[in-house]
Every structure is written in C-alpha cells, then in structure tokens.
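Following this line, the structures themselves.
Paired with chain B in one complex and with chain C in the other, chain A is shared by the two complexes that follow.
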Partner chain A sequence: MADVIEVGAARGDAPPPAASAARRGASAGRAGRATPYLFLAPYLVLFTVFGLLPILLGIWLSLHQWDFQLPNRPFVGLDNYKELFSSDSAVYGDWWQSVRATAIFTVLSVPLLVVIPLGLALLLNRSFPGRTFFRAVYFAPYVLGVAVIGLLWRFLLDANLGLVNRLLGVVGLPSDTPWVTDVPWAWISLVGVTVWWTSGFNAVIYLAGLQDIPQELYEAAKVDGASAWERFRHVTLPGLRPVLLFVLTTTILASANVFGQSFLITQGAPGTETRTVVWFVVEEGLRNNNAGRAAAMSIVFALMLAVVSLANFRLFRYRED
Partner chain B sequence: MTTTPTRTPHVPATAPTRDGRPGTALRRTVLYAILVALTLVFLTPLVWMVITSLKTYDGAQRIPPTWLPDPISGYGYEQILDNSANPVLRWFLNSMLAATLHSLLVLVTASMAAYALARMRFRGRGVSFALIVGTLFIPPTSLIIPNFLIVDTLNWIDTLTVVVVPGAASAFGVFFLRQFFLSLPRELEEAAVLDGANQWQIFYRVVLPLSKPALATLAVLSFLTNWNDFLWPIFVLFSPEQLTLPPGLGLLQGSYVTDYPVIMAGAVLASVPVLILFVLAQRHIIQGVSRSGLKG
Partner chain C sequence: MIHNEMSRRRLLGLGLGLGAAATLTLAGCGGGDDSSGPAAAGNGGKDYTGPKVDLKLWNGFTGGDGEIFKTLVNQFNSEHQNIAVSVATYQWEDYYNKLPGAASSGNGPDIAVMHMDQLATFAARGVITELDDVASALELSEGDFAPTVWKGGIYNDKRYGIPLDMHPLGFYYNKAVMEKAGLDPNKPPTTRDEYMAALTELKKSGVQGFWVSPFQFTGGMTFYSLVYQFGGSLFDAEVNKATFNSDQAVEACTWLVDMIKQGFSPANVGQDADYLAFKSGKNAFNWNGIWQVNDLKKSADIQWGVAPLPQIGSTQAAWANSHNFTIVKQRSQNANKVSASKVFINWLSQHSLDWAKGGQVPARKTVRDSAEFKALTEVNALAPELEYAAFPPAAPGLGEVMTTFYNAFNEAALGKKSPKQALDDGVAKANKQLEDNRKKYGS
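And now, the complex of A and B:
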C-alpha cells in the first residue's frame, strides 16, 4: 500500500508519465484476456445454477405434471395454468383463497408500512441527544428472524396467557379477543406484528432520503413564510419521491411474499383463511408433490407482482410530469 | 417537525437546526415522551421473551400473567440444552457455521465479480450485468420449487451445503459492491499498475483494503439473512440434527405447544447472537440498509 501511494505521489509531479500509465493500465487490463472471466467465474457458476437455471426450470416444470415420487412426468402443455382459472378444477378454490389472503394482507399492511416509518423517520431526523439510541431501538426487531418473532407473537397474542389481552384488560378493554384464531382479529395481528417488525427498516431508508434534502430548501421556505405543513408538503415530500417509490415497491413485494407470520402466528387459522400464496405454493409443490402445478402458480404470481410494480412506477412517474 | 412554529425568519442560515433554539423545553419533553412510548412498544415484546424464558412452566401458565418470574428459574434453558429430540445446541452450531460460511462465500464470489464488472472491459460484460440486475426483480420465493429440484439432483437435501450455497447466487452483493468499487478513485489502481502489479494484486492489495467498510456491511447483512432464513430450510432440512435454528424453533413449538418458557428460551438463544452483532455492527447495518434504498 505504502509504495503504491508513493508512486502515485511521484506521478502527480510528472504529468506525461501519468498519461502513459493510464495507457499501460488499459493494456495491463487486456494482457490476460481470461482475467475478467476468471474473476467472474465463481459467482457466475452460482448465479447460473441457482439464479438463472431455476427460472428456465420453473417454466419447464409448469408445463409438466411433475411428481417428485413418480417416474412418469408427462408434458401437459398449459393445463397447470388453465386449472388455476377454471372454477371447476380441484385447486381453484384453495389457490384463489391464498391469493385473497395475500391481497388482504398486502392492502392492509402496505399503507401502514409506508406511513408509520415516515413518521418515525421525521421524528428521528432532528438533532437531539440519544438520537442514535432510539434509531437502534426502533430498528432492533428487524434483526430478529421471522421464526423468533413468529413464536414470540404467537405467545403474546395467546387469548388466555398472552400479554396483549392482559394489557388490554388492565386498561379496561375486552381481554378475551381471539387474536390468532378468528378473523378479523387474525388479520389485525398479522399486519400489526409486521408493522412492529419491519417499520424500523423502512424508517432507516427514509432517514437516508431525508438527510439528502438540502437544508437550504427548508430555510428558504421558512423565509417565504411557509408553515410546517407547507414545508412538509412542498419540500420534504417532493424531495423524498424516489425514496418513497423505492419503499412502496419493496414493501409491496415484501408483503406479497409474506409466509412466516401466517405460518407461525395464525397457522392459517381460521381454517386456511390466512394461508398465503407463498405458503400454498410450497405446500403444493413440496408437501403434495405437485411441482408442476406449484411452478405454474409461482409464475402466475410473479407476473401479478410485476404488473403491480409496473403500475406503481407508471403512477409515480405520471404524477411527476 | 410538523409542529414547529414558523416565526424566525431572522435566524441566520448557519444556525445548527431549528431544534437548537431556546424556549423548546416543552416541545423537547413532548418529543422524549413520544420517543420513550415508542421504545416501550418496540422493546416490551423482547423483554417479555426474556422474562418468560426465566419462568417455570406453572409460572408461565398463571392467569393473569405475572410481570416478574417468581421464582426465577432455569427450567426453560435446562429443557433446551439437554434435549435429544430437539438438539437446540446442535441447531445453534449449525446456524453459526452455515451463516459464517455463507457470508464468506458471498464476500469472495461477489467481490471478485463486482470488481470485474466495475473495472474491467470484456466481451459480455453488459449482458452479464443486465442479467444479474434483472434477477433482483424476481421474487426469490418464486424460484423455490425449481431450486428444490436442483439441490435434490445435487444430493444436497438435508446437508449443511443446502443452506450455505444457493442463497449466495443473490444479486444483491454484486450490485452493492460494484457500486462501491465504482466510487473508489482510480488513481491508486493506476499507480499500482505503474508499480508492475497485475489485476489480482491490484484487487487484493489495493481495492479490497480500501473497501473494508463495504465488505463489512455485506458480511454482516449476509450473516443476518442466512441466520434468520426460515422458508428455505424448513423444506430442505429434515433430520433433527441437521436443522438450523429457525426450522428448529418451529419444531420446538410443535413439541412444546404451550410450554412457553422452553419455547422462549429457544427464541432467546436465536436472538442473542444477532442482537450482539447488531449492537457491534449497528453502523454497518444501518448504512447498508440506507444505501440499498438510495440505489432504488
């Protein structure tokens, strides 16, 4: 390192060698034609086998009746797709119930996960002693895995032994709510837990965006006599637009891919009403050995999400114009 | 912020912030009250987890629940530490090993690939980068079924490899490090060329040492992701002695149902390493998360 810096310093004094160095730098890069590929190779092997191949294999699987247990895996064309859309097929009811569950969870959770973290970020975007501490505290639940928070909240929300009903009882509210076994309570639980778990994550992303908004804009707005609300509306929100779009898009994707919360907290209850798409797909593919049908469901679901994301981008860009 | 009155256009533009003004004692009290209330919301569940893990079975069954364990008991921990049906310590070691190896694998493969993509010119660079970035938009959950078939063909089911390797195909690390390498000044690398260094030496002796903060961030995030992964391991690990902690906790819940001290002791065991890592590497984690947002 030290010699390198020395050479660099010497070079600064003598411009002509610098030019030749740049040229030689380029030629050194080309010297080993294989070098770039050798650098890429280890990752590319992983990426090809576990990133690209599964995409193609997924499409191929979806065109077959594929059972891990059976030797015969006949080509069935688009049958796996058709049965998802024909109301007389065996899978239709369960599939659309899982889509409905996922949609309910997404529609309920996304607005809260966009707005509440923004509030937290605005609160933390001030200078006060302890700021770093509070930011860490609000982020802390996010570093725990879904298995931990799932088990924890299953217990906290237990109708008899849980802390939640106990605290509600203390303040005089009904203390026998079946949080994890009946709707609409199960939805409130799943959404509430997710907000508690991941708000800190979105807040940190917002905070970075807020810190990128030039302070002068606020000062200028104040000089112009803008109220706090006007400054938020006309300085903060426009400045946050790219970050808002990012948070909205990633939160929709994350919520739509919900699995662990309903698997561990409501365990699908009541019945299979809170069983989500990801859960139903893996259950169908890996427990019921119907990989072809599961692959078709994955693809239809990924396309649905792509449409939502695109709509999202268009909407935001449109409003910008 | 939205409650700040606006009556001070005469404050110089160089004043630190509007919160630094005097006469804000009341507002500051309200601010701290809100901050503390939120702290209770975020931390009480975690404190309750620890409290419950120190109760006896009967202590945790009391209705209404008691705040403090009476007596303080090691029952939950004794149950999970000496348990042949649920070898929790083994799961802990498996998780530690898997997350460490996964994190190393990501660091090595992603940094090499990112360096080639950031600094070298070669045929196919544009296509490779576009493909890698393109997969960022595919929800990983939609690849689980075909990936299961692939690891099954490789005979990796129910081994440690299956939770270490496939996840390292994620495009995040390459994307993240490429952005960082692009931000480094080229001069040092060019000087190293003058010095007669080859590409490998430049990468290893110049670029990597300059990239320690980014590498640390990626290492910590990869460790956390792998340590917490739940969906993939519950379908590719079966034998009790092969499980990592997250699927293990699921099994524990299945065997102990309402024996909450035991279940919470398991949850505490799974939380402690990542909470320690969070405290030690908070800056890296927060920076990694905020940078991922700005790239979007």
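And now, the complex of A and C:
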C-alpha cells in the first residue's frame, strides 16, 4: 500500500529526479514504519475506547467514593483498597469469601474443562458413523444461555423435588443430597453443570488443533513402532501445545469470571458461600451504588488473574525450552 | 431480591379484570375529586389545563399486571385530551439500575413506579422529587390510605411517593391436603396452638405441612413477618442499628428452624420448592406473596384458600411492600409536565380497583371499601393485613442491609449456624453497612 502511494505521489509531484530519489527513500521509510500502525489503527481505536479508557476510568473510580448520582464523590485515596484488606470493614468478609468461592470453583473446574474436552475431541476426531451428529450433541449445551441452563439445573437438582435425587433414590443411592443448598454438594453441582455446559466449546477448539497436526507425524511414529499412548504423548500433545495454552488461559479466565451459574443455581447458598467475585462486584457496583469500591475490587481481582495468567505462560514457555 | 420478586410476579396471569372497563368509570367516582374549582397549571394534581404534553412512565410490571396497568393508562389518555402518557416496562432489577442514569442524562421518564423500600435511596440520590404539594393540593392524608402505607412514602420528613397498592405476605393453605389429614379445610389455623395442632395432624398423615424455604422468597419474608409478630423489629427507630438479633428475633428464627428439626418441613428446601410442593399437594401451608393469587387461580385442579398470616407470636404482623408513584427530577424542569404528572397519579390512585384485580390491595381507602373490591374474594381476604403490615423502613441504601438479613436467615435455616450465631453475625455486618450508608448519604 505504501508503495502504491509513493509511486502515485512521485508521478503527481514530478519533482527533480535526484532530489526525488532521496526524498522517496526517506518518505518510504517513514510510511513503511507507519504501515503496521495504520493496519492496527482500527483495532487500536476500539481498544482505546472500549478497553484502555474504561481501565483508566476504573482506576480513577477506585480512588473515590463514587456514586454517579450523588453530587458529593469524595476522593478517598486508597481507602477502597484498604477496606478489602482490613478485617473490620463492612466488605472484608464478603469480599474474601467471594474470592474463596471463585478460587474453589476455578481450581475444581479448570482441570476438568481442560481434560474432558480433550478426550471428547480425540474421540470425535476419529472417523465413525454419526460423527457429525455427536459433534453437534456435545456442542449443543453451549448454545443455551446461562439463564436457561441455570433454571433447568436448579429444578433438576432440587433436594426434595428434583429429578436427580429421585433417580438416585431409584437405584438405591441416598435421595436427599442437598445439591444446591449445602457444600460441598453445591460445588459439585456448579462444576458439573459448567463442565456439561461448556465442554463442547473447548472440544471444538481442540478438534481444530488436532486437525492441524500433520498426519505424516503419526505415520512416522507408527513406523518407528510408537504405541497409541506414545503417539499421543509425543505427537498429539506437542502438536496441541499452542491450543492447550489458549484453552487453559481462556478457561481459567472464564471460570474465574463465573457468575450466572451460582447466581441462578445455588443463589449463593448456603449463606454467601457460593457467591463469586464477579457477582459481588456487580452487587456492590450496580445494586448498592458503590462504584468506587466495586472498581477497586475489580482491579485487585484483575491483578490476581494477571498473576495466574503470567504463571501459565511461564509454564508453557519453559516446556518449550 | 428485586429480581426474585419480579420473576415471581411474572407468573401472574392476565387476571380477570381486562374486560371491566365499564365498571371502572363507576368505581372511579368513589374518589374525592369532585370539587372542580378553577384550576391552573401546577396546582398539585387537581386538574391540568395547559397545552398538550407527552408523559413518559416507567414501571416494572412485566407480568399480567402490566397489561392491566396499560389498560388503565389508555383509559386515562382517552379521558384527558391534553395529556398523553406512554408506558415503558422493564424488569425491576434492570429498571432500578437504569433509572438513575437515564434521569441524569435527560432520557428518563416523567413518572416512575417504585417499591416503597427504594424510595429513600432514590430520594437521597436525587432521582425523584418531593410530592408534598400533591398530597396537600389533593387533600390526601393518612385517612385516605392505610397509615402504614402512607407513612412509607416519607423520607426526611418529605413525601416522595404516592402509594398505589400494597402487597403483603399471605397464608396459603391447600384444602385437599388438609382434608386428607382430617382437618377442616374451611378453618385454616389462626393461632400458634392451632397451627401446631394442624401440623401434627398433617405429619400423622405423612405430609410435611410447612416447607420452610431458606431463601428470601419465601422463608426470609416469613421470618421477617415473625420477627415483628414476636415483638421484635429489624432496625431501631432511626435505622441506625440493626436489631434482628434481639431475643424476640432469635425466638422467631428458632421457631422456624425448629419446624425443620421437628420434621414439619424437609431440610434444604430449594428456591420455589415450597410453592411447587404446595401446588402439587406435598405441602399444606405456604406463606407467600399476594401476587400468587392469580397464579393459583389459573390452576383449576388445586383447591386452596388464602387468609391473613396466623398469629404465631404475641401480636399480628406481616411482611409487606408497596408500589408508589414518583415524579422523576428532570434536568430542565417543565412545569406543565410536572402538573400533568400529578393529575395522572391522582387519577390512577382513584382508579386502582382494576389494579386490585392484578393481585394487589389498593392503597386508597375509598377503593378498598368499595363493594367491587370486596367481591375480589382472595385479594380482599388479605386487606386486613394492611393495618399491621410491617413495611421496610425508609433509609437510603437499605437494600444491601436487607440482603445481609436474608443471608443470615439462610445460614440458620440451612443449619450452617445456630439462629443466635447467624443473627449475631448478620447484625454485626449490617451495622457496618448502616454506618457506611450514613457516611455516604450523610443522614
């Protein structure tokens, strides 16, 4: 694109030849340097408006006691942050409980959401009759909104009226498990529902990754006498490394952002033990109109996730070396 | 919390009242607005004679009540040539989030319908405007309404809401289940002794008769009612301190938790499970909102009745909330719009009989005393509760404190903590929240 412009410009201006060459060189260099930025500009504008500015505004908000409707929005410095770490504030208990809930959910759900979809993808990558049908079946729950799956499972899992407990009773297992009102059952429910709901998405990503691994590698491995496990370990897994990194990172972030499931299925019960960070941030910011405090919580939470993501990238880079 | 009420209210059917436009005009004449003196714009809602204005009204009536509301608005529009009211309906939760921003950017409505417990917050945040002149110009006073409802519209000695209705907690009983247990289905228990006797009989017939939900809907509201029945209260008079760990409150909570321990209720009742069990004949008694009347009416195969809450404690009391009309502060105040809004509010308040058919007790006394309202058997059955209804107090930012209250009950009802421990912990947190609110709203 820069070349075309240059050519056109050179023709139109028709400057003295000698000077032209020099200037052309110089301006081509400038334009050449600008090219990537020009290409990036549309995204950059979007990122600035919808990414960077909100982040900066969030930081600014977090330094204020901010209710956009009140005329008085005093600057409070780091008070909103201090509150999160001082045990006698009104939000300390709720905040750390929500962090704990989010951590439990993430730690329990991420391994399952990384491993199970991989297994699914390996199965669905084989050729067998009805393959497309099964691919659709496993992806189908992901199409449903969180409100749908939330209400659906809340009723299925109800301790006294739900189908799950009734079926368990029929096969002679305890039929009074409090799936949505007591821990640890509530965690099993939330993680189980989430795995059922989103596995299909990760499986599709894996599937695309699997199809990118050259068939010749498998053939060569076979010729060398590698067993199925060895082919998986030494061909499939290394071939999937970038995909794995992507899946792991997005799954950690998605799990850490869990909101709808616990909001609808357990409603935080028992007490507020299953209330997650995002839920609590929304509650503080939008329901209780403490935007400053909510912003501070968001930023602390974002920093926590940044640390986790960094560790994650680190881990995969070491493996590559 | 708001969301929950909304979703429950979405269950409301279209009600009976859609075709009742003919009787509506008659009912409306019951109001006290027959002194048609000389009227100028801005006389507080008696009349509006200015140029034609368009009014925007927002509400959260997403259920069948929304249709009834729109019918009323259409009637108002056809009777008032120079006022055109248009209605927008949002889910309550979105609505409360959206309203302040819309109002401050100049895109808000002129009139907003609001729950009583939201009035103080929105008044303190400068979203809605004072309505004292409406009350005085229309000569509305406590006598025209129930005192409990009328006082609820006041914050900092100023009136911000004109009450439209009240929706209390009622006592629903499943007649078929009672009959099966050998109880008289036409004599629902009204006292603690009768209540326990009935539950014992039900248990003998293999029915756990009183499912105690650990969630705000409905167990939390049941507990709320009982705190007041046992002589306690949630907060002190100035709403400076939470008092829901008083001996009375602990006694009320213990009584409810004992329902589970003694097997009158299953443990771990899920959200809505109490009501679904009631409808399917597994539960006999359910303390639930008046808005379930229309839902139950739709199910022909359930034999049920509704009565004021039984008196378990030393006095009568029932949780209740109320829809109020408010006028939204505008960036550029238009006197014509404000006075037209007041005319609308007054008119609708007088015409609230049809609204009663949506499953609410009208706030206006004249409407409540009318024969037409008395004919609405079920809703009318709960009208006596108006006298002792325990409305949430007017304090800005109370929503999060109420959430703390309901969460404390949740922990007790799910057996995570003893009633005393759960309520003590809840009060400790609630007091910090109240202190934060005082700092924030400067009251």
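As a working rule, the second predicted complex is superposed on the first by the 267 of 321 C-alpha atoms of A that agree within 3 Å, B and C clash if a C-alpha of one lies under 4 Å from a C-alpha of the other, contacts with A are read in each partner's own complex, and residues count from 1 in each chain.
To be clear about the criterion, contacts are C-beta pairs under 8 Å (C-beta built on N, C-alpha and C of every residue); 3 or more make two chains touch, one makes a residue touch a chain.
Quick caveat: nothing in here was measured; it's all calculated off a predicted structure.
Undergrad: On the A-aligned overlay, A:161 touches which partner chain: chain B = first, chain C = second, or both, or neither?
TA: Both partners, chain B and chain C.
Undergrad: Going by the contact rule set out at the top, does A:67 touch chain B (first), chain C (second), both, or neither?
TA: Touch status of A:67: second partner only.
Undergrad: Of chain B and chain C, which one contacts the greater number of residues in chain A?
TA: B
Undergrad: For A:52 in the superposed arrangement: first (chain B), second (chain C), both or neither?
TA: Only chain B; A:52 stays clear of chain C.
Undergrad: Could you look at A:181 and tell me whether it touches chain B, chain C, both or neither (first, second, both, neither)?
TA: Touch status of A:181: second partner only.
Undergrad: So in the superposed three-chain picture, is A:90 touching just chain B, just chain C, both, or none of them (first/second/both/neither)?
TA: The answer is second: A:90 touches chain C but not chain B.
Undergrad: So, A:286: does it touch chain B (first), chain C (second), both, or neither?
TA: A:286 contacts both chain B and chain C.
Undergrad: When the two structures are overlaid on chain A, which partner does A:212 contact: first (chain B), second (chain C), both, or neither?
TA: The first partner, chain B, only.
Undergrad: After the superposition on A, what does A:173 contact: first (chain B), second (chain C), both or neither?
TA: neither
Undergrad: Which parts of chain A are touched by chain B and by chain C alike?
TA: Dual-contact residues (chain A): 68, 154-155, 158, 160-162, 286.
Undergrad: Which chain C residues qualify as touching chain A in the complex?
TA: Residues of chain C touching chain A: 97, 100-101, 104, 121, 125-127, 211, 214-215, 266-273, 276-277, 282, 397, 399-400, 403, 407-408, 410-411, 414, 416-417, 422, 429, 432-433, 435-436, 440-442.
Undergrad: Provide the residue numbers of chain A that touch chain B in the complex, in ascending order.
TA: Residues of chain A touching chain B: 1, 3-5, 7-8, 11, 17-18, 21-22, 24-25, 28-33, 35-37, 39-40, 42-44, 46-47, 49-55, 57-58, 61, 68, 120, 122-123, 125-128, 130, 132, 134-141, 143-148, 151-156, 158, 160-163, 166, 169, 196, 200-201, 204-209, 212, 216, 219, 222-223, 225-229, 231-232, 242-243, 245-247, 249-250, 253, 256-257, 259-260, 264, 278, 281-282, 285-286, 291, 294-295, 298-299, 301-302, 305-306, 309.
Undergrad: If we count contacts the way the header does, which residues on chain B are in touch with chain A in the complex?
TA: 1-6, 8-9, 13, 16-17, 19-20, 28, 31-32, 34-35, 38-39, 41-46, 48-49, 52, 60-61, 63-65, 108-110, 112-113, 115-117, 119-122, 125, 128, 131-132, 135, 137-139, 141-150, 152, 165-171, 174, 187-195, 197-200, 203, 205-206, 209, 224, 227-231, 235, 245-247, 249-250, 252-253, 258, 260, 263-264, 266-267, 270-271, 274-275, 277-279, 282, 285-286, 289-294, 296
Undergrad: Using the touch rule from the top, collect the residues of chain A that touch chain C in their complex.
TA: Residues 65, 67-72, 88-90, 93-94, 154-155, 157-162, 176, 178, 180-182, 267-273, 283, 286-290.
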